[in-house]
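Each structure below is given as structure tokens.
There are two complexes below, and they share subunit A, which is joined by subunit B in the first and by subunit C in the second.
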Partner chain A sequence: MEDVYMGIDVGSISTKGVIITKENKILSSEYIWTEGNPIGAVKKLVRLLEKQFDKENYRIVATGTTGSARKLVGTVLSATVVKNEITAHAVGTTTFHPDVRTILEIGGQDSKIILVENGVAVDYAMNTLCAAGTGAFLSSQSARLGIPVEDMGEIAVKSQHPTQIAARCTVFAESDLVHKIQVGHTKEDIVAGLCQAVVGNYLNNVGKGKKIQSPVVFQGGVSKNIGVVKAFENQLGCPIIVDPDGHLMGAIGAAILARRNKERRVFNFDVEDMEFITREINCGGCPNNCEIICVYRNGEMIDSWGNRCERGDVAARKAANPNAAAV
Partner chain B sequence: MDEIRMPKAEYNHHEMVVGIPRSLLYFRYGVLWERFFQELGVKTITSAPTNLKIMTNGSRRAASEMCLAMKIYMGHVESLIGKCDYILVPRILDFGLRRVMCVNFEALPDVVSNIFFESPIRVLSYNIDVSKKLDERRAMVEMAVSMGFSHGKSNKAYKKARKAQNEADSRAVKQNEAKYKNDGITLVLAGHSYILEDEYIGKPIMQYLNENGVNVVRADLVDRKAALRESERLSPTLKWELSREIVGSLVMHVHDFDGVVLLSVYPCALDSMVNDMMLRKNRITHVPILQMTLDAQTGTAGVETRLESFLDILKMRKEVEAGNGREAEA
Partner chain C sequence: MAEKQKRKIAFPMVARYNEVVRYFVEEGLQQTYIMQPQMTRRTLKLGAKYAPDMVCTPFKTVLGSMIEALEAGADTLIMVFGYCRLGYYGELAETILRDLGYEFDYLNLAEYSTGKKKDYLKAIKKLNPDAKAVPMGKAGLDGLKMIEYIDEVESYYYQNCGFETSKGEYRRALNQFTADLGRAKNRSDIDDAYDRCMSRFHEIPTDKGAFPLRVGVLGEYFTVMDEFSNVDLEQSIADLGVEVHRWMNVSHRNIHYPGEKNLHPRISKYCNYEMGPTSTANIWYAKRCAEKGYDGLVHVKSAGCTPEIDIMPVLQRIGADYKIPILYLTYDSQDGDAGLQTRIEAFYDMIEMRKKVIR
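This part shows the complex of A and B:
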């Protein structure tokens, strides 16, 4: 029986999971859409991972979660490590590309840049609290153009004269886009323009003041768009590496972090049969009126968060067990 | 400003209460204001620390283009309605050449009296404007004289109040600067005092960092004279007093910290330019910088993700510098 490690990355758009060995060999991996339901997605993911998994010879001894739903999913899976996606991505990528100097990442609602020196992340930047120039921007524009977001890259590379589009803000970009369509720009040029705009926006905001050195690895959902990859190569003047497992790097990083951590807890796939629900309550203990998230497993509250002070814990306990609080 | 100041006859010193909003320059002049009125024998009331209700009410009152700090200020003013007769809203334009304040502080008394024109409050103001030879002492004494106090008494009250504020400032600076010598990861929070000290938006960030074992030092608590001088090394043309203090503070201590968090509120005109300049000029020093812009959102996930990952990076970087190389595999 060999000990292995599971990493789960639950993003706003997609949910990724891997099970890796001590030697970073991927035993099973899966990539599904989150569809606005992180708990449902993770249960489905675990079921899919289990199908590929050899329970006779391996056992999962530690679980790491990352991504924007890491806390919720970490509670559901009783994870041993809950880590932010930037650290997880840096750890995952430097394991597979030890010589990398710059990691570019554009995901569904976040974009970030990580600078690496000697295999260790030394600096990074992330988009401020606005989703301009991320995957969300591309998918909303693809809906407007009536092109599936997966096909945008192929269409973009056909263009000879990419249209100039302002990508500073989704709202402005949209009105710019509509105008350009109406005056007669072709679809290829507009899609190519969108890809250029994403890159320009990224380099001017997230990449501002950062020295981008080769080798450059590009990952996140948008890295599957060849149009954006080509636009990066044009603007940076260096080759861009897109790892076929790039979308799994966060999950792999989470698994590696779980392995490095000392805590061990055997995971035996029983979450599929449990029922998890979340409820939002308002504390009401003071004018802040914090929104507290309570997580229930089979009707029993297992965790809560979101409160700014200890008054919120009382409110959460009250919500978990109304009779006990009255005593 | 004269039209805002009330004629002396209307004042009754024993019954009048002056409201002080716990926002914006309160964190810079709070001691001065409270002591000044105390010396004159005028009662004051300070609004409660910012909470969600104050922020929401303020956002409703304020114009949509105002920065979050201004919106919060309006919430504080509103919370004082009915509890006082006057609200202290100074107008501070500048302290000399290339020492101007943000235009918001220049407009503040007019903005407040216009936003709250239907409310039963009156704005009490003093006017600092160096081109008109109105420094802080003259401005505050003139305000007290207009309230019916003698020139001598006002002057004396100012002197005592200024002394108390200076003492409080140097105590805070000494305490803050001593932290540069602490062990562990030293992180500088660079932002205006009214953001860092705000109970609802800034304090949770400081608390988060402290809970995660970081040695947090504030950039704004610094020997102001020295900081103004040092800021010229980064930019000889920077003209905003508050920005120059923060920039100068970072220049002075550039070898004493491991990273900087630039904390600003949306949309701050000063920070949008100054922070951008610092990010671009940072190519020389290569200090890790995290830029964070706060808005009126109640979710803390985005903030926590950014802070947590920034701390991870600082730790990893420190391990490399210490020669440990990569983390040992378990």
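This part shows the complex of A and C:
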């Protein structure tokens, strides 16, 4: 029986999971849509991972979660490590590409840049106010053009003269795009222009003031779009490495972090049959009215968060006095 | 004749300094001080509702806490000034509050900022024409001491609270200190509060290790000092097991400020002229932290704070020259804390892993 490690990355758009061995070999991996339901997605993901998993010879001894729903999913899975996605991506990528200097990451709602020196992250930035230059922008525009978002890259590389599209802001980009369609630019040129707009926006916002050095690894869902990869190569003037498992890098990072951590808790896939619900309550202890999220497993509260002081620590109060009326 | 009605004076909430204003108003001016509730999301919501949208967040919280002070029964408001847009905020807040129909007396210190000390006496005379010089001078000096104590206690607190072996000890001592200051009636009360807190601090067992992580926090005057406005930034960093250092406070910036002419020579490589009320000090402090080998810097500002935006390129240069990571945080009134927490945790992981490799 060999000990293995599971990593789950629940993003705004997609949910990723891997099970890896001590030697970083991927035993099972899965990529599904979150569809606005992180708990449902993770239960489905665990079921799919279980199908590929050899329970006779392996045993999951530690679980790490990452991504924007990491805390919620970490509670649901009783994870041993809950880590932010920046660290998870940095750890995952530096494990597979030890000489990497720059990690570009474009996901569904956010984008990041991580600078690496001697195998450790030394600087990072993340988009703040605007989702232009992320996957969400590309997928909304693909719907407008009637092209499946998966095909955008292939269409973009056919273009000889990419259309210039104002990239500062999603709203401006969209009105510019509509205008360019109406005056007769071809679809290939427009799609290629979109890919360049994403890159331009990324480099001007997230990448502003950062020294991008080769080797550059590009990951996140948008890295599957060959048009964006080519646009990056053009603008940066250096080759861009896209790992075939790039979309799983956050999950792999979470699994590696779970392995490095000392805590061990065997995971036996029984969450599939449990019922998890969340409820939001307003604390009411003071005019701040913190919004507190309570997580219930089979009707029993297992955790709560969102409070800024101990007055709102619902789970602790419940634990101290289990017979009190339900909150 | 009945005794003259006392004024009910209030001051916008600023970090932990309101107790100082209370002390001066009650002991020096012999008037009543009205302490509005601590700031909450309601404060910010009130401020954001009535303030212009593009104004910086501190104005919104200040306006909100002025409204809460008036609701609590204050009839006189004091407002400070500064050398950025803050210089105009006193007038703006008054106009907004009067338009809302509130009736109150208003002391806008900007109107007395002529540079002559005796003009401030005029301001004080406005609050109480019969104020006596001796108790007022004494309360003024006590107040300055109180500020120094508060800053010293806070600074010790954030440098050590992340390492306590049993959670919450430091916070209890700090809360006790704040409560003691709230009851202080004379200088010996103030000294006792400080002595008790510091000796309690020194007894708390901590486990720091040989090389604790050290982070310098700097940035815009109000947001960097006020823990409501920066969503407990220093506490969140300290809780990860970090020494949090902050130079910016009232003692350093206002009471013992070395002045631009003394600071500029120390940063002549980066900056030769004044860019804003706290820019010179922040650049100098960033450089000093880098030279002392701190593990990282956190730069804090509210959205649209021009002086602090201006120093960011300088900080980037310092970051590159000294190889010190810098986290830039911008606060706005609609910020949730999930994004903030992600950035702080990632920053912590980064400096922690980096330190292991360097050492």
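Everything below uses one rule, namely that the second predicted complex is superposed on the first by the 313 of 327 C-alpha atoms of A that agree within 3 Å, B and C clash if a C-alpha of one lies under 4 Å from a C-alpha of the other, contacts with A are read in each partner's own complex, and residues count from 1 in each chain.
Note that in this section contacts are C-beta pairs under 8 Å (C-beta built on N, C-alpha and C of every residue); 3 or more make two chains touch, one makes a residue touch a chain.
Quick caveat, the model's predicted, so the values are computed rather than measured.
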| item | value |
| --- | --- |
| Fit or clash - subunit C, subunit B, common subunit A | clash |
| Which of subunit B and subunit C A:D176 touches, first, second, both or neither | neither |
| Greater subunit A contact set [subunit C / subunit B] | B |
| Which of subunit B and subunit C A:E105 touches, first, second, both or neither | neither |
| Which of subunit B and subunit C A:R260 touches, first, second, both or neither | first |
| First (subunit B), second (subunit C), both or neither touched by A:D189 | neither |
| Subunit C region in steric overlap with subunit B, selected from 164-172, 182-190, 200-208 or 236-244 | 236-244 |
| Residues of subunit A at both interfaces, subunit B in one complex, subunit C in the other | 68, 83-87, 90, 118-124, 126, 128, 209, 211, 286-289, 308 |
| Complex interface listing, subunit A residues touching subunit C | 68, 83-87, 90, 118-124, 126, 128, 209, 211, 286-289, 308 |
| Subunit B partner contacts - residues on subunit A that touch it in the complex | 68, 83-87, 90, 117-126, 128-129, 208-209, 211, 259-262, 286-291, 306, 308 |
| Of all residues in subunit B, those that touch subunit A in their complex | 51-54, 200, 204, 276, 279-280, 282-283, 286, 288, 290-293, 295, 297-298, 300-302, 304-306, 308-310, 312-313, 316-317, 319-320, 325-327, 329-330 |
| Contacting residues of subunit C [partner subunit A, same complex] | 37, 40-43, 232, 313, 316, 319-320, 323, 325-326, 330, 338-339, 341-343, 345-347, 349-350, 353-354, 356-357 |
